[in-house]
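Going in written order, the chains are labelled A, B, C, D, E and F, and every chain counts its residues from 1.
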Amino acid sequence: MPAGDLGYPSPPPSQATETPVEEDDAWVWAQIKAEARRDAESEPALASYLYSTILSHSSLERSLSFHLGNKLCSSTLLSTLLYDLFLNTFSSDPSLRAAAVADLRAARVRDPACVSFSHCLLNYKGFLACQAHRVAHKLWTQSRRPLALALHSRISDVFAVDIHPAAKIGKGILFDHATGVVIGETAVVGNNVSILHHVTLGGTGKACGDRHPKIGDGVLIGAGATILGNVKIGEGAKIGAGSVVLIDVPPRTTAVGNPARLVGGKEKPSRHEECPGESMDHTSFISEWSDYII
Amino acid sequence: MPAGDLGYPSPPPSQATETPVEEDDAWVWAQIKAEARRDAESEPALASYLYSTILSHSSLERSLSFHLGNKLCSSTLLSTLLYDLFLNTFSSDPSLRAAAVADLRAARVRDPACVSFSHCLLNYKGFLACQAHRVAHKLWTQSRRPLALALHSRISDVFAVDIHPAAKIGKGILFDHATGVVIGETAVVGNNVSILHHVTLGGTGKACGDRHPKIGDGVLIGAGATILGNVKIGEGAKIGAGSVVLIDVPPRTTAVGNPARLVGGKEKPSRHEECPGESMDHTSFISEWSDYII
Amino acid sequence: MPAGDLGYPSPPPSQATETPVEEDDAWVWAQIKAEARRDAESEPALASYLYSTILSHSSLERSLSFHLGNKLCSSTLLSTLLYDLFLNTFSSDPSLRAAAVADLRAARVRDPACVSFSHCLLNYKGFLACQAHRVAHKLWTQSRRPLALALHSRISDVFAVDIHPAAKIGKGILFDHATGVVIGETAVVGNNVSILHHVTLGGTGKACGDRHPKIGDGVLIGAGATILGNVKIGEGAKIGAGSVVLIDVPPRTTAVGNPARLVGGKEKPSRHEECPGESMDHTSFISEWSDYII
Amino acid sequence: MPAGDLGYPSPPPSQATETPVEEDDAWVWAQIKAEARRDAESEPALASYLYSTILSHSSLERSLSFHLGNKLCSSTLLSTLLYDLFLNTFSSDPSLRAAAVADLRAARVRDPACVSFSHCLLNYKGFLACQAHRVAHKLWTQSRRPLALALHSRISDVFAVDIHPAAKIGKGILFDHATGVVIGETAVVGNNVSILHHVTLGGTGKACGDRHPKIGDGVLIGAGATILGNVKIGEGAKIGAGSVVLIDVPPRTTAVGNPARLVGGKEKPSRHEECPGESMDHTSFISEWSDYII
Amino acid sequence: MPAGDLGYPSPPPSQATETPVEEDDAWVWAQIKAEARRDAESEPALASYLYSTILSHSSLERSLSFHLGNKLCSSTLLSTLLYDLFLNTFSSDPSLRAAAVADLRAARVRDPACVSFSHCLLNYKGFLACQAHRVAHKLWTQSRRPLALALHSRISDVFAVDIHPAAKIGKGILFDHATGVVIGETAVVGNNVSILHHVTLGGTGKACGDRHPKIGDGVLIGAGATILGNVKIGEGAKIGAGSVVLIDVPPRTTAVGNPARLVGGKEKPSRHEECPGESMDHTSFISEWSDYII
Amino acid sequence: MPAGDLGYPSPPPSQATETPVEEDDAWVWAQIKAEARRDAESEPALASYLYSTILSHSSLERSLSFHLGNKLCSSTLLSTLLYDLFLNTFSSDPSLRAAAVADLRAARVRDPACVSFSHCLLNYKGFLACQAHRVAHKLWTQSRRPLALALHSRISDVFAVDIHPAAKIGKGILFDHATGVVIGETAVVGNNVSILHHVTLGGTGKACGDRHPKIGDGVLIGAGATILGNVKIGEGAKIGAGSVVLIDVPPRTTAVGNPARLVGGKEKPSRHEECPGESMDHTSFISEWSDYII
C-alpha cells in the first residue's frame, strides 16, 4: 500500500535542489505540524499526545527535546533534567537539527512503512535513539563523559539500541526497527547508511584502541548482520542479513553468509551501481546466491 | 522438572473436544484466578500485584486491559487512556478474547517453562505483545492508523517486539522469549505457529506493496531466523535457528543454515509428519545435518 | 583510547593475590564511591543521580538494591517492595555481594569501553540484569517461584535480558551489551565466562527435563551465537559470533559458522592456550577460517 | 471584570425552564467541549491537557472519571482502578451526572470568578471533591465501606476537603475555594447550598449516633464558619464568616460572630427574602452588625 | 451508627491493664492484619492496596514505613529513600512504635467515625502526619536538621499538617481530620491530647527563643482554635472551636470565643472532672455559654 | 534557638543599602548554593535532592523553575511543560527574580524558624506558591487565562494556597505556614506584607467587579483572619488572628476579634510606630485587649 494512499503529501521531489537547508528544515517542521494536526482531528484519543509532543512546541528541537526527555527519563534521571540537557545541546549546535531532518527524510523516503514525518519523529525508536546518541556524542566530545555514558545507558534500556557515545554517526541514517543494534566505541558510520535491527558493529579483544568497523557512505547492512573488528566496509557495499563479516568488504560489492563471502566470488565480485543504503534492496542477489541452495 | 511438580493442575486433556468455546474460555479464566489465589497466599510479597492484575477483575478482558494499560503507558500516553482503549476493543470483538485464550493454551502446552496460565498472562512479553498487537491491528483495520502506530511504538519500546499493526497474526501463537521479534507490514502468520526470539519476517526494498513473508499453519521458526521478502513458508515447515531464508520453503520440510538449505536436499527434502509449531522440536534434524560438521 | 586516559586509577595489579575477599570487596566499594564523587564534582547535572544511586549509600548492597529497585519497578510492582526484597536477599547471602564484585572486576578488566567500576554498576544492563537474576535464582531455590518469575519478567522487559530464574550462573561473568540474551531454565554457566549480546542458550522440544546448554569455565560466546539443547561447551572454548551450535564443543577449541564447525577441523581441531572468556579474543581465528572466503 | 468579557457565552437564561434534564445535560457537555476547543486553539501549551481531560472523551461521565482517576490516584491506588470505579459508578446511577451538572451550573452562576463550565470541571477542587464524594457515598450505601473510606482519604489528601462518605449532600452545591472543608458522618446538606472554604460541619463527643449538623436548602455558610453538633440550620439561613454555631438557626435569618448571635436579635431576628445560597451575599448585614464596632 | 455494626471487634476493655506493652502492640498489629484480610476478601478492588500496604508486611513498623514512603515521596525525594529512612528510624527507636500504637488506640476509642485500626493506619492523615513528624523530630534531635526540614515540608504538602520538627508531641494523640493544623518550633504537646483540624499552636514576633504554647495532658482543642505565644494550657483544659487564646488557661477549665474567655468567668471558672482530650466533649458548655446569644 | 546557632551566616546587615539589586541577587544565590553544599556534605541522604534542586543549576531562576515544575506537575500536566513555562517566564521578566529574592529575604529576616535561604527556597510552601502565582499572574496579564487558571488549580491542590491569578501581590511577602490562604480575584497586596496561614482575602456577592480587599504596605495579618469585600487595610495595620474584618481599617491601627474592633476604640484607636508586616509582633496588644477577658 503506497503511503500516498493515506492522504499524506509526498516529500518534495528532491532534497538535492537549491533550497537552502534552513528553509528545507522549516518545510519539514511545517509538514510535521500539519500531519499532527490532521491526526489529532481524526483521532481524539491521540490528540492529547500529539499536542504534548508536537503541536504545543515552536520548533523541531523543542519537540524532540520534550519527547526524548519524557522517553528517556527514570525515577533517578528526571525528565526536566534531560529536557534541559537536550534543549541546550540542540540550541548550541544547529548541525544536530540538520542531521535530524536528514534522518527524517531518510526514513520517509526509504521505508515504505513510514507513513509520515511525524510517524517517524514520534514512533521510530531507531530515529529517536540516533538523535539521543548525537547528543551523547556531543557531550562525549566535550569531555562530559559520565553524563554521556548515563545517557547511553538510558538509550540502551529504553530503545534496546546500544551506540557507544564515542561512535561517529553520519547524516541521513535509517535505523530500521532498530531493536538490538550495537555499535562500539571506535566505530564510524558514513552518510546515507541504512542499518537494520540486530546489527552489530563490534570490537574484538580487550585491548583499547581503534577496534571497531568503519562503514562507508551509502552502505546497507541487513538484519542481524555482525561486523567485527577494525574492518572497512566500502562505500555502497551491501551486507546480507545474518552475515558475519570479519574482514574488509570492497565498495559496491555484496557480502553474504556466515562466514560471509562476496557475491560473484572473491576474485571478481559483482558490483552494483545503485546506492543500497538508499535503495534498500536487500535481496536482489538471491538469484545468484541462494536459489540453488534450497 | 515437569510443571506438574509445582502442584498446578494439568490443562484439560484436549482442547479439540466438543467443549463450546465460551465454556472453555471460562475454564481458563477460572484456572487463572485459582492459580493467582494460590500464589497470593503462598507469597504475600506478591499478593498486591496479583490482586491488582488478576484477582480484582471480573473477566480476562478486564485483567488483560488493566495489565497492558499499566505496562504500555508512558508519561504522554496515560494508563487510563490505554486501559479504556483496550477494554473497549476487547468488549467490541469477542474473537480477541478467544485468540488470547488460544495463545495462553499454546504457551501452557508447548513451553515446558510455562508453569501456569497466570504465569503466561502476567509475565510473557511475547503473549502480552501479541494481545496488544491484536488491538493495534483492529484499530488499523478501522482506519485509526495513527493510534495503531502509536500503540505499535509502545509495544516495541516496552517489549522489544515489533509487529507492524497491519500484519495478520493467527491464533494459538507462541512467541517464546520474544525479545527482538520483527514482523513487517504485509506479513501473514497462520494458526498454531511458534516463533522464537530474534526472528525477523522482513521486507525488502523500498517499494510499497506485498513484500513480507507468509507463514503457514503449524510452522516453527527457530531463534534468530531471518525470513525476507514475500516468500511462502509452507504449513508445518520448520526453520532452524539462525537460518536466513529468502525463498519459499515447502510444507513439512526443514530449512537450516545461512544461507538456508533444505534438510535432505533440494530435490527430495525430508518431510516430517508432526506439526513442529506444536511439537517444538527444534533439533531432531541434527543427526542428518549438523553432526558431521563439528 | 586507554581507560587510563580518563584519569581513573587502574584496578589493583592482580585479583589472584592473597587479599582476603572482604577486604577486596571493600576496596572496590571505596573505588566506586571515589569515582562517583569525582564525577559528581565534574558534572553537576549528574550529581543528583550519583548521590541517589551511590553516594548516599553505606554499602554496595544498599546501592545496588536501590538502583535495581528503581530500575525494575513498575506501577504494579513498587520500587519500595523491590528495594526491600533486594536488600533482604543481599543481606542474607553474602555470596551475592562477592559475585557482584567479581562481575564488576570482570567488566573493568575485560571490556576496554568500561571506564570505571561505577560506570559498570550504574550503566551496564548486563551487569544489572545478572545481579537481579541472582536474586531471582535465590528466590527460586527457596521455592518462592511466583516471585522469582515476576522478577524474571521485569528483568526481561527492562533490560531485554531473559535469564530463567532456575538457570545457574557462575561468578566473574561479563554480559557485554547484553540486549537480547536468552538463557533457559536448565542452563548452567561456569565462572569467568564472557557472553556477548543476542546470545541464546536455548532448549529444544516441549518435554520438561534437562534441556539447555552447560557452559564451562572461561568460555567466550560471541554476539548472536545460538546454542541449543543439553550440549556441553568445554572449558575455555570459544564460540564465534553468529554461530549455531547444536552439539558438544571440546575444551579450548573454537566453533564458528552456521552450522558451526570446529576451527582446524573435526578430527584435529586447533586448541588455544589462553582463556577466551578473559582474553575476549573474538577474531584471532580469522586467518584460518574467514580469510579465504571473501 | 464580568465573565462575559472573556468571550464565553452566558449560560442559558434560566435553568428552571421546561427543558428536559437530559437535554440540559447535553447542552452543558456541548458547552464544555466548545470551551475546551477554544482554549486549546488559543493556548497550545494547554491543548494536550484539554484533549486528555475533555476533548478525547465522549461524555461528561467519562471526562470526569478520567480526570478524577488521574487526580486521586497514588502509587498504591492506581489510576486505572479508580477510573474504572468512577466510570462504573457514574454509569450505573444517572443521578450522579445530573448532580454534577447542577453543581457546574451553581459554580457558573454564583461565582463571578468562574469563567466557564470547563474551568470548574477541570480546576475547582470543591467541585471535584464533591463529585468524588458522591461516588464514595454511593459505595458507602452499597456497604462497600473500606473502599469508600479509602477514596475519602484520597480526597482529603489531594483536595484538603474531608467529607465523610456517609454524609448526604444535595444538588446544586457550590464549595467555593473548598480547602479545609470538613463534613462529618451524619451531616446532611440540602440543595442549592453554598459553602465557603474552612467550613466545618462537625460532631461532638465520642458517642456514635446522629451528631452532625443538618443544613437546609439554599443556605450560605461563610468562610471559616464552624457548626457543631446535631443542630438545624433552617432553609435560606446565612452563617457569617468565622462564626461558631452550636445551636439551631431559624430559616432565612443570619447568624454571625463567635459565639454566633442572630442579626436583629434573638427575639426578632431580621429575615431576608432572597436565597443566600444562590445570591452569595456575604456581607449585606454589615450595616446592622459590624459597622459600629470598628 | 455504632462501629460495632460493621462487625469489627471492639478494642480490649482497657488499655490501662497489666498487659505488657510489647504484647499489646502485637495484639494491635494482629488486629490490623485481621481487619485488612477481611476487607480484602469482601472488596477485591481494594485487595491489592491492602496487600501492598499491610498484608505483605511482617510488622507494623514495616507497614507504616512503606505506606509513609509511598505517600510522602516526590519526584525528587524517592520512595525508596524515604522507606529506608523510616524503617531505620523505627527500628532504632522502639518508643516510636509504642507511640504509634497509642495513637491508633486513641483514634479507635475517641473517634466514633474510626471503624477499625487499619482504617486509621491507612487513611487518617492526622495519624500519618504525626508518625512522620515523630521521625522528623528524631532526626532533628540527631542534628540531621536539613533532612528533618525536608521531611517536614513533604508532610505539610501532602497532608496539609505543618508540625515543626523541633516540636515535642506526646503519646496517645488524636489529630482528628487534621487538615490545616500548624504547630510551631517550641511547642510542646502532652499525652492523650485531642486536637481538631485548623488548630494553630503558633508563635509571635520574630525573635528566636521559646515562643509557642505548652499543652498539658488530656487537653481537647476544638476545630479552628488559635493559641499563640508561650502560654500554658493546663492539663485537662478544653479550648472551644474557633477560640483565639493568647494567655494561660487553668487546668480543667474551658476557654471559648474570640477573644477567648473562661466559661464560668475569670474569677471562678467552671471546672470539669473528665479528661476532655479523651471524652471529646466539645459542646457541653453550650448551655452556659452560647444558648443565650442566638 | 537563634538561627545563628546552626552555623549559617547572617544575612547582610541591611538590604536598604546602596548595593545594586543585581549584585544583591547574586549574593543570595551564592548563599543558597553554599548552604546546599554544606547540607549535602553533612547529610548524604539529602545530597541527591540538593543537587537536583539547587546545586546542578546555574541560576536561581533555573533552580526555582525546576523545583516548581516537579512540585506542580501531574499526570496530565507534565513537569517538562511546566519547567519550560516557568523558565521562559522568569527569563522574560527579571522583576520576577527580584521579587523572589525579596521574598527569600523576608522569610529569612522575619521568621525565626527559617534557618537558611535554601530552607525557604526548597521547603516553604508559601514561598513556592507565591512564586508560582507570580508566573500565573503574568500569564493572566498576557491574556493566557486558561493556562493561568490551570496553574492556579495546581497550586491550590499541591500547596493548599489559593491565590487567584488576577490578584496583585507585592514584593517582600512572607506567607508563613501558608496552608489555607485564599486570596480573591480583585485583591491587591502591597509590599512587605506578612500573611499567616488560613487567611482569607475574600469577595462577597455574585456580582463581578472590584470586590476584594486592598492590603497596604507593611500590614501583618494573623492566622485565620478573614477579610471580606472591597475594604482597605491601611499601611502598617495589624489584623489579629481569627479576626473577621468587613470594613476599612485605618493605617497603623490594630483590629482584633470576631467581629473585629479596633484596639483602643473606634474613636481613638491606638497607633503603633513599627511596621508589623516586618516586626511580626502578633500579640503586643494582648495587654490592652485580651487580658481582662479570661
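List of remarks:
One rule holds in what follows: a contact is a pair of C-beta atoms (placed from the backbone, for glycine too) under 8 Å apart; a residue touches a chain by one contact, two chains touch by 3 or more.
The model shown is predicted, which means the values in this text are computed figures rather than measured ones.
Contact with subunit B and subunit D alike is made by A, C, E, F. For the pair subunit B and subunit E, chains touching both partners: A, C, D, F.
At the far end from subunit D, in terms of centres built from Cα atoms, lies C. For the pairs A-E and D-E, the count of C-beta pairs in contact is higher at D-E.
Although subunit E and subunit F share one sequence, what matters here is the overlap of their interface residues, and that overlap falls short of half of the numbers used. Centroids built from CA atoms put subunit C at 28 Å from subunit B.
For the pair subunit A and subunit D, the distance between mean C-alpha positions equals 54 Å.
Subunit B and subunit F have Cα centroids separated by 59 Å.
If you average the CA atoms of subunit C and of subunit E, the two centres end up 51 Å from each other.
Shared contact sites, meaning residues of subunit B that touch two or more other chains, fall at 45-46, 48-50, 52, 56, 70, 75-76, 78-79, 81, 160, 179-180, 198, 224, 242-243, 257-258.
In terms of which chains touch, the assembly is arranged so that all chains touch all other chains.
Of all residues in subunit A, only 40, 44-52, 55-57 touch subunit D in the complex they form.
Subunit F makes touch with subunit D in their complex at residues 74-77, 81, 85, 144-147, 149-150, 152-153, 156-157, 160, 162, 164, 166, 179-180, 182, 184-185, 198, 200, 202-209, 211, 224, 226, 228-229, 242-249, 255, 258-262, 266.
Taken together, the subunit D residues at the contact with subunit C in this complex read 75-76, 78.
On the side of subunit C, the complex with subunit E involves touching residues 48, 52, 56, 62, 66, 69-70, 76, 78-81, 83-84.
Put simply, subunit C touches subunit A in their complex at residues 1-3, 6, 39, 42-43, 45-46, 48-50, 52-53, 67, 70-71, 73, 79, 109-113, 115, 119, 122-125, 158-160, 177, 179-180, 196-198, 222-224, 240-243, 256-258, 279-283, 286, 289-294.
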